[in-house]
Amino acid sequence: MRCEICTIVDNYRVATDTYKMVIESKSIVFEASAGQFVHIRVGGEYDPLLRRPISICEFDKEKGYLTLLYRVCGKGTKLFVNTRPGDSLDIMGPLGKGFPVFNTELTRPKSSMDSANTQRGLNLPLSEVSFNDKKVAVIGGGIGIAPLLELCKNLNKPDIYLGFRDETYMVDEFSEHAGTFYLYTEDGKEGCKGYPIEALAKNINNYEVVYACGPKIMLSKTKNLCEANSVECYLSMEEKMGCGIGACLVCACKSAQDDLYKKVCVDGPVFNSKEVKFND
Amino acid sequence: MRCEICTIVDNYRVATDTYKMVIESKSIVFEASAGQFVHIRVGGEYDPLLRRPISICEFDKEKGYLTLLYRVCGKGTKLFVNTRPGDSLDIMGPLGKGFPVFNTELTRPKSSMDSANTQRGLNLPLSEVSFNDKKVAVIGGGIGIAPLLELCKNLNKPDIYLGFRDETYMVDEFSEHAGTFYLYTEDGKEGCKGYPIEALAKNINNYEVVYACGPKIMLSKTKNLCEANSVECYLSMEEKMGCGIGACLVCACKSAQDDLYKKVCVDGPVFNSKEVKFND
Amino acid sequence: MIDMSVDIGGLKLKNPVLVSSGTFGFGREYSDFYDLNLLGGIAVKGITMKPRKGNKPPRIAETAAGILNSVGLENPGINNFIEQELPFFKNYDVPVIANISGNTIEEYSIMAKELGNSVDAIELNVSCPNVKEGGIAFGTKSELVYKVTKAVKKCCKTPLIVKLSPNVTDITEMALAAEKAGADCISLINTIVGMKIDIENKRPYFDNIVAGLSGPAVMPIALRMVWQTAQKVKIPIIGMGGISTWRDAIEFIMAGADAISIGTANFYNPYAPIDVLRGIESYMREKGINKIEKIKINKGAKNYE
Amino acid sequence: MIDMSVDIGGLKLKNPVLVSSGTFGFGREYSDFYDLNLLGGIAVKGITMKPRKGNKPPRIAETAAGILNSVGLENPGINNFIEQELPFFKNYDVPVIANISGNTIEEYSIMAKELGNSVDAIELNVSCPNVKEGGIAFGTKSELVYKVTKAVKKCCKTPLIVKLSPNVTDITEMALAAEKAGADCISLINTIVGMKIDIENKRPYFDNIVAGLSGPAVMPIALRMVWQTAQKVKIPIIGMGGISTWRDAIEFIMAGADAISIGTANFYNPYAPIDVLRGIESYMREKGINKIEKIKINKGAKNYE
């Protein structure tokens, strides 16, 4: 974990208000694992003041490239859009705990698997998560698909369920890695009309592990669905952040095990569904 | 006077930390007269918060171009440097009272002379400033030469005295319009060693009017020199600004006529030397 | 139909967007940018009995998302104001609020009386941090707020607004004192006492040492004080402090302000009051809200302790 | 030779750059970025007698050049702190300052006593705006500041720092009360009470309604308070509030701070304390200053009224 002044290689629109940024990194990329995030400083001295957390969407350790997928929603992400290839960006990372990946057939070298494993440090006993080549589903909604792409590359042809409001993006990139690929839009413009959770619910008994990232409501439904069917479930969570490294305690999310809070930035962003709760 | 979103046409270095910016304006340029300034907003929403006052160095009413000459010294001017051709800039102006120009042989159409005349609104009786084709000297120091270039173009081959610390700039542009041209650097690297005020002091009795812009110490010496020799003198002053239009009263400079303050933004920036005082 | 008008303690405004004293001169300057009649009202530069030349420059410093000012109430005095500045507004149909500062309670009273016939409301400045005498002293003790308000109210024919100082432990104490003394309306906040050091010259940057902080930096503090005050007083509130966008304005109104005022933002965006006004209008249209007061969060919905 | 060391009321620091309570966890987190031994000292996250789970999220909002936080003193309680967190510092040679908050004067005393043997100094947090009981209440009344300081001083073996709340009319009154009660050092400022409204959902953004403002936005206010306090008290002062560069730090030291502390800046620049430290060093080298205290503007050079 460190701060690095990285160079922007590319930054282009993939859909309305949705952009892909490719960044050249000399160190962060080599430590990254799927599901981790970076904390980015943009803008002037004080505006915006805080860094912005963005998931690592893909990395290419050979080229030293990190790819981010981001949606423009406020001050910080608006500034992201204005950066151009060649500009430099102050990036801190890789941060947090990524997705545990335990397949035998990996597209990545063995070492990154190991490190993902030890980095997890789940509160759950290790035996519970030491499965191999389980039947896996990945479900993502909207910009929440970002951290799932690198994950899918690391899995062995998982079934992939994606949902969007109306406009879809990154569909080819995901379907390439899918066993079965399910696409939903709220208005049915592309793929099926409705939400991917509906399809996942039908097929839930086919799976041993589900990975999810997306809107809170989707995460909450996925958690309930998986737990009701005794399926292992990993959720990537979002919360407003300060430091990004566990020092300020602002990124609190409710723990399911006790009445306390967990820190999304270091205990997550990926949690076993049994670690967190949503009710409020 | 208005706010206009202008387009940057060019922005390049002319010396260490010194840049020239050419801006295309649809309206401000057509109202501008020599010695006026613009008030520029750069950066994000709040950083920097205030506009930055910059003199109009040249204008080309045919092309609709304004030229600014600026020295990088802080947050705002650093951001100026980062703007590129094609970028837009929020500019307010033209602001303040420029230099009174009363020569018969003008390179500008008659109308702009008239407007400069009425815009002056000096506290002094008008007769005192209604001279024609007087013998004129222009003295500038460092970045203070900025508002003098357009002035020199409007005068009939004035003698021009410029001083710089070490590195000179815009020398050709000025000498082109000069009767006699005096160049000084503090270390004598280019031109004569010393300060232009020394040469002006020797020649002061050749002149009926002196125009000056530069460091406070130079202005103060010029004022004293001129007044001791009964030479009409116009000084372009600087003070930190808020609104730029006379509403906030922060740009105070000492009045010579009473114990009150004048507003650099609307009573100036160009003052008859008899209107202001320096002692503190 | 959207009704933008508000009544702030007897002063009727066609819309809730005011401009703040000291940031808008005597109105003239910004009349080049837009029609002043568009504004809900104009609080003119603070005036005193006698002319004041103001503080020694520098009078402004930029801080992170804010400014420090040390104008020191430069103004031509009440007589010159009435003779030379007020007539300008004859051409306009916009409420003018005279912002007054006194060295003594008597001075406040005399000024309020004299201005009563010629302006639409009086705003008592008991909170200017940039002058030694009077000013802020009146605004940081509730007994004094009470006394000066009470005295002025007696001789003031127009609605009386009391402008509170944020430099206090408990803003509601001051607000309640003003209300009890008969204020028709409360405005807040004035600038917060701040400071800057000139490290090159190793001395306070301002001749007066301290100066007044305003601008976006102070908005969270101002908003909190408006909220706290709104929980306690019944008289209307003019909210200000760092407002630069319509969203800021909506926050203040939701927090309990009946009208809002734009100060420092005028400097970097001369159209700020108009932008804010248009923004509030479209917000209301979009949400189907037809009265400003309906924007507010219901008082006591969740009581502030 | 430049001597960067300072003595703040008996606590000897190798340099004047501290990090502020609540912004630096229990030290571990930033140890990945640089050697913690470089720091003058570390004020760890505020602790209480019993574990506290903290406030409901959201707990942070970005404001103009600042942040509002509503952590609500989440901490594992004094026992867990001593058992699980303190041992980490065994590997370091850096002074650790325990920041404590109590509901009662007794709680403060018990905690100070228990910690006396294991930390290098105690910082009394009488100024946290994010909790209902205790906290800020103690910090806004000078009698209470006096009482709690006096009580704790009696049973506190290490230097005692009292951290003042900026949410007061007169900071010097609080500072003098702390000094009189025997405080060895004063630190200021804690966060300023602020607020944000969630306009989409028409309600206060924070569950606790108000929250604490920090960051560059507050620096002019913090600096003024440090200056005012330095004019009045003889005990050393730790200045903080919005410091993010060495120039900010020099302003605080000139204003009268004996040491300075970095809070919010850690979040956007994890190297901020080191950058500030290096900056102060080169400033001193350049100016030929060999002791930190010589940076200060002489007290009373121009007396603050």
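Here are a few things to note about the model shown:
For clarity, chains are labelled A, B, C and D in written order, and residue numbers in each chain start from 1.
We take it that contacts are C-beta pairs under 8 Å (C-beta built on N, C-alpha and C of every residue); 3 or more make two chains touch, one makes a residue touch a chain.
Quick caveat: nothing in here was measured; it's all calculated off a predicted structure.
Listed by label, the chains touching subunit A and subunit B alike are C, D.
In this structure, the chain pairs B-C and B-D differ in their number of contacting C-beta pairs, and the larger number is found at B-C. Taking the mean of C-alpha positions as each chain's centre, the chain lying farthest from the centre of subunit C is A. Each chain gets a centre from the mean of its Cα atoms; for subunit C and subunit D, those two points are 33 Å apart. Computed from the mean C-alpha positions, the centre of subunit B lies at a distance of 36 Å from the centre of subunit C. Taking the mean of the C-alpha atoms as each chain's centre, subunit A and subunit C sit 48 Å apart.
Chain contacts: subunit A has residues 45-48 touching two or more partner chains.
Along subunit D, residues 64-66, 215-216 each make contact with two or more other chains. Chain contacts in this assembly form a complete graph, since each chain touches every other chain. The touching residues of subunit C, counted against subunit D in their complex, run 63-66, 68, 132, 140, 167-170, 192-197, 199, 202-204, 209-211, 213, 215-221, 223-224, 227, 242, 247, 250-251, 254-255, 297, 301-302, 304-305.
Within the complex formed with subunit C, the subunit A residues making contact are 45-47.
Taken in their complex, subunit A has these residues touching subunit D: 1-3, 41, 45-51, 92, 239-253, 259-261, 266, 280. Touching subunit B in their complex are the following residues of subunit A: 43-48, 75, 79.
Residues of subunit C that touch subunit A in their complex: 64-65.
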